[in-house]
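Each of the two complexes below includes chain A, the first together with chain B, the second together with chain C.
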Partner chain A sequence: MEERPNALLLKFPGTNCDGETARALEVAGFVTEVLPITRVTELALEAAHLVVLSGGFSYGDYVMAGRLAQLETERKLGDSLIRFRDKGGYLLGICNGFQILTKLGFLPRGSLINNTSGRFICHWTGLKREVSGNPFMNGLPESFELPVAHAEGRFIAPEGAAKSYLAKGLVALTYSSDINGSSSAIAGLTDESGRVLGLMPHPERFLWACNHYDPDWQGDGSEWGWGYMMFKSIHDTIAAELAVVSV
Partner chain B sequence: MAILTAEVISEFDGKVDANKLVYAPLNENASYQKTRVYFIEYAGKVTDAEQFVKRTLVDSYAEDVSFGCEPVLSGFAFFIDYGMKPGALDLEREAILASHRGARDKAMEILSLKLTQRIYIFSDGGVAPERFIRDVCNSAIHVWSVTDANDRDVA
Partner chain C sequence: MTVMSPDLPVENFRRIAIRDLDPEGLGELSEDMKLSLSIDDMIEIQLYYAAEMRREPTDVELECIAQTWSEHCKHRIFGARIEHCGPGGEEVIHSLFKTYIKEVTERIMERKPGFVLGCFIDNAGFIRLDENKAVCLKVETHNHPSAIEPYAGANTGLGGVIRDILGAGKGAKPIASCDVFCFGPPDIDSADIKAVDVIHPLGIMRGVVRGVRDYGNRMGIPTISGAVQFDPAYIYNPLVFCGTAGVIPITDIDKQMRSDLRIIAVGGRTGRDGLKGATFSSMALDTESHEDDQQAVQIGNPIEEKKAADFVLDARQRGLVIFITDCGAGGFSSAAGEMLSEVGGNLYLERAPLKEPGMTSWEIFLSESQERMVLAVEESALPQLRELAQTYETELTEIGESDHSGLLKIWHDGELVCELDNSRLHDAPVRHMRSEFIPGVSKADMDWVAGDLAADLREVLGDFAICSREPIIREYDHEVQGNTVLKPLAGASGDAPQDASVVRIDGSDQLMAMGLALLPEWGKSDPRAMGRATVDECVRSLVVAGANPERIALLDNFCVGNPEDPRELGMLVETCKGIAEASEAYSAPFVSGKDSFYNYFETEEGAVSIPITCLISAMGIVEQQSHVTGASIRKAGSLLAIVGLSGSDLGGSVYARVKGVEGVKVPEIDLGAALESYRTFHKAVAAGLILAAHDISEGGLAVTAAEMGFSMQAGLEIDLDALPVSGSPGSVARLFGESPSRILIEVAEAASGQLEELFTGIEFAVIGRTNAAHAKLRFTDGGEYILDAELASIKEQWKNGLTHYY
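What follows is the complex of A and B.
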């Protein structure tokens, strides 16, 4: 029987998208475990193929979004997450998870700060896929839509860096319009290995076509939404790797 | 035992129309800028306390920190400092303290922590602080002070 990949979803106090994200992972085919950060161990990481940090307001977003979660993760896991990635593991950070991964240093240098409007935004947005062959992006069209919901989603980088990230293929997603003031309209970043992805939009909120705001939305003609494609893409990538290993 | 005052300012968020702070339009032209101020009573070396601030409370890509009591901005009409009342549950303070307590290699001890939001008001006209206090501060949970450009407490 085909081995199902394992996903480990790390949960912090204030994480609130873990339920939908765990469901999305299960629907895509992962065996999913949700663990509070206080209970995570290196052993749990070893059993996982994908580690996910979902959206929410970890530690109330106090000080700045993701900072206290970053400190707690560093304390609890030390270099374990780095070793996990270096051994071929995949990391996905959605919204608050993106903020945490950025602060942990898994993604190109920069920070996610208050939207230029100074307000929380919550709506659907157009996105452009900027990379091809990324394990999280197979099956996604060049342009698609996902919901966003954030107050601190403006990605800023050291002078000139954002454009270099685009040139180097580290920008996975851009917004099709300027919704929050992000440098180079960056909505999602990947690392040089392509095994780490952070994005502000919420793919777990668009699993099925019926989640779309337009009841007549057709998409690719299937019952699935674009968010599902993202989870399916990383699932299929890992499943293919496991199949090769088992042979 | 010593006290470190740290004021954190965004490098990206500048002055904004002060009408955003109040419920009814102002009669005067005014703008504002926000910062955060931390008052940390600690036991240990000042360099360790400053390091704690930089590592925990400041975003190195997006913010600057200034240590000391001097306001980081100038040219303001006045600034309002407001924070939680003593005895009220300040969840942000508790989260920071809990995070520090959980640190393995603490080079310094935090004995007490007070944090306030600081709003600088800039105006050419005679804009008064009362409107801002009424609409920004909540007397049920906040305490506040107003300091003018001459460093006088005016409210």
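What follows is the complex of A and C.
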């Protein structure tokens, strides 16, 4: 029987999208474990193929979104997450997870700060896929939609950096319109290996077609939403790697 | 070594001499201690201590009794004996709750066995979702705290009702929240506010919305449903309702206390914040409230609650919870009272983790600090629970144990500071009250002159009563948990209003719809009609969204001004009659509720009371995903059909209010016919005949059709001559009248014959169609266009009504 890849979801106090994100991972084929940060060990990381940081308000996002989670992760795990990545592991950060991964330095330099409106926003948004062949994005069309829900989603980078990220293929996703003031409309970033992805939109909230606001939404004609395609894409990538290893 | 803090009190508690006080002295004592107890209550307490305890009470005991007997906790007005003088003559009502709520529900439960799985006793009411799961709902008010400190008041209002769900059964999982606000108009001139320190409605609105936002979003519970009412009568006393729904395995609903269990507190620490909230909310507001009672408003910390919630849900899944309740009003005293009121037990106050040193016994026992849950567990489960608490980084403290003494014994540093016989503790004297209701004279069949109807439509769409709530809705995360399949704003454009919201539930094929209604404008002239129509609108909003009308349960939340005023109490009595009639007729049982009195403010020019406000909220079962029905036009070339009769009375309508016309009769309602039409509608939904449907409510048919059109998929043409009517409504009444029980339906042309057949014998007519040729909303009457408006332009008006103020 085909080996199912393992996903490990790290949960902080205030993480609140762990349930639906774990569900999406399971539905896509991962064996999924949700582990509170107090119980995470290097051993647990070693067994995982994909480490996920889901949405929420880790430690209330007090001080700055993701800041306390970054410190706690560093204190708890030291360099093990870096070793995990260097050994070929995949990392996915959604919304608050994106903020944490950015703070931890796994993604191109920058910061996620308050939306220009100064408000929390919860709505669906058009997205443009800026990369091809990224392991998280196979099967996604060039333009698609996902919901966003954040107060601190505006990505800013040092002068000129955002454009260079675009040029280097580090920008995975951009918004089709300016929803929060992000530099170059950046909605998601990847690292140079392509194995780390952070994004503000919530793919786990668009698992099924019925999640869409429009009852007549067709998508690709299946029962699935675009969010599912992302989880499926990373699952299939890892499953293919595992198949090669086991052969 | 003990370090003495300089502000440690000399004593933890004191004895209060009451034996020799005369009634006047007792009244003064109640006032001095802010007990909110009447002289009769105090005499009852005096007798109890003299005859049975043969000693003087401690301050802890008096505070404990005061909060237990407070209106907030005991609902003594709903339990009172009321001599009511109404249109039907004089009568004596022995408990509004028993007569108009509980007994109605009991009759419905007999007719529908196995549907209601718990009501009125626990933290929330439960109904069956499927073989294994139940859903539950609770709605609370947090009016006075929100008036004084809008952000914190609303913040903890939502935090509190979420804890109600966490403490429902052995711990339900919160899956959706709703919020309803009643504010003064945001454009009122500050100079018109007749009291010092009253916060402008704009400040109240912004604070309250952000309070709900910051708690709900952080907890990861989608806020999917809500309403906002604006009326000058709410300037001094705004209303804030917060509700949360949960899901729980049916086998975890029943909880039984027993002896020899450990009592543990989990979550936040205990502090001086939130002292006497229960008694505070049982008094009227005045300028002094704003100065003195700040400490009655608690400070919220949603992450503390999130950690406690993760702990509780995990512990329940592991079968470690025997009994659980939240620390709400009254803090430990009410939680302990609930847990130990029958079996008895000990609580040790010095064990409670505190936010600050030097708290006296009553302060610790009565504090309403947020984010605390109290559980009863087996001693053998403690190690596992401690480990779980470490996992989720929440504080767990063993604070006592149950025994079988039947006595509630509170200890503090080795001293018995409170000993109460619980069978007596919950036995407040029944109040005797008087009420009257004299119906005002209201004009029926008024002749409304049709002027510029398109301009009228614009005015109504832009009115605070109707305009889009989008600026508020977008600040709430209504998608977290990934299950919100019918969102508060949806349709092809993603921003058109819907009726109820629907969430799917993990592990079940069935879904839950949640909706609500309130019609305070109706109650001003006819509270009984308001009661009926509010239940009708709430039930209809769920049915329209796809819920089975046989599987809907209701909650009642009343807000009333001064109950000592027989006329205000009379309005409440009449409202109760109305909701009871509709609940009975629809077999939609009440499963939970809450009331809030003393919603009036003493200004220098006299007391300003709120209008009687009755929020009906509901949960209903949508049996499968395909039944979920939106309220937005989907296609050009469909037919539009209406269910129900349109009458000529515009009382209570937004149109009448906008035009400044008062004293108009409110519409009639035929509950039997309405139920029959809802059942038929549901058959049509199940048969897949309905493309979209919207309940016709505030703003009437014109607004309903416009709102359906806001998906911008097609133009709409409606012929007002085709409406089934009662009486002879003119074009204004046909467009803007708010006759209840009506639904506007979009049906594919090919399915319309079948739909018509299904509705045989029910007021139903095809009245229009959707049109690809234009993007307008057009009404004809007598073959002529009487209203013709570009959808894009009226949508703009509707969409931006609040944006300037928010």
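The working rule: the second predicted complex is superposed on the first by the 247 of 247 C-alpha atoms of A that agree within 3 Å, B and C clash if a C-alpha of one lies under 4 Å from a C-alpha of the other, contacts with A are read in each partner's own complex, and residues count from 1 in each chain.
By our rule, contacts are C-beta pairs under 8 Å (C-beta built on N, C-alpha and C of every residue); 3 or more make two chains touch, one makes a residue touch a chain.
Small disclaimer: the values here were computed from a predicted structure and weren't measured.
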| item | value |
| --- | --- |
| First (chain B), second (chain C), both or neither touched by A:P158 | first |
| Larger contact residue set on chain A - chain B or chain C | C |
| Touched partner set for A:C210, first chain B, second chain C, both or neither | second |
| Partner chain(s) touched by A:G118 [first = chain B, second = chain C, both, neither] | first |
| First, second, both or neither for A:G60, with chain B first and chain C second | both |
| Which superposed partner A:K87 touches (first chain B, second chain C, both, neither) | neither |
| Partner chain in contact with A:R39 - chain B first, chain C second, else both or neither | second |
| Overlap of the chain B and chain C footprints on chain A, listed as residue numbers | 59-60, 62 |
| Chain B residues within the chain A interface of the complex | 10, 12-13, 16, 20, 56-57, 59-62, 91-92, 95-96, 99, 102-104 |
| Interfacial residue positions of chain A with respect to chain C in the complex | 13-14, 16-17, 19-20, 23-24, 36, 38-39, 55-57, 59-60, 62, 119-124, 147, 149, 202, 204-205, 207, 210-211, 213-216 |
| Chain A - residues contacting chain B, complex | 59-60, 62-64, 67-68, 71-72, 75, 109-111, 113-114, 118, 154, 156-158 |
| Chain A-touching residues of chain C, taken from the complex the two chains share | 213, 217-220, 301-303, 306-307, 310, 390-393, 473-485, 487, 489-492, 494, 504, 506, 625, 628, 630, 634-635, 692 |
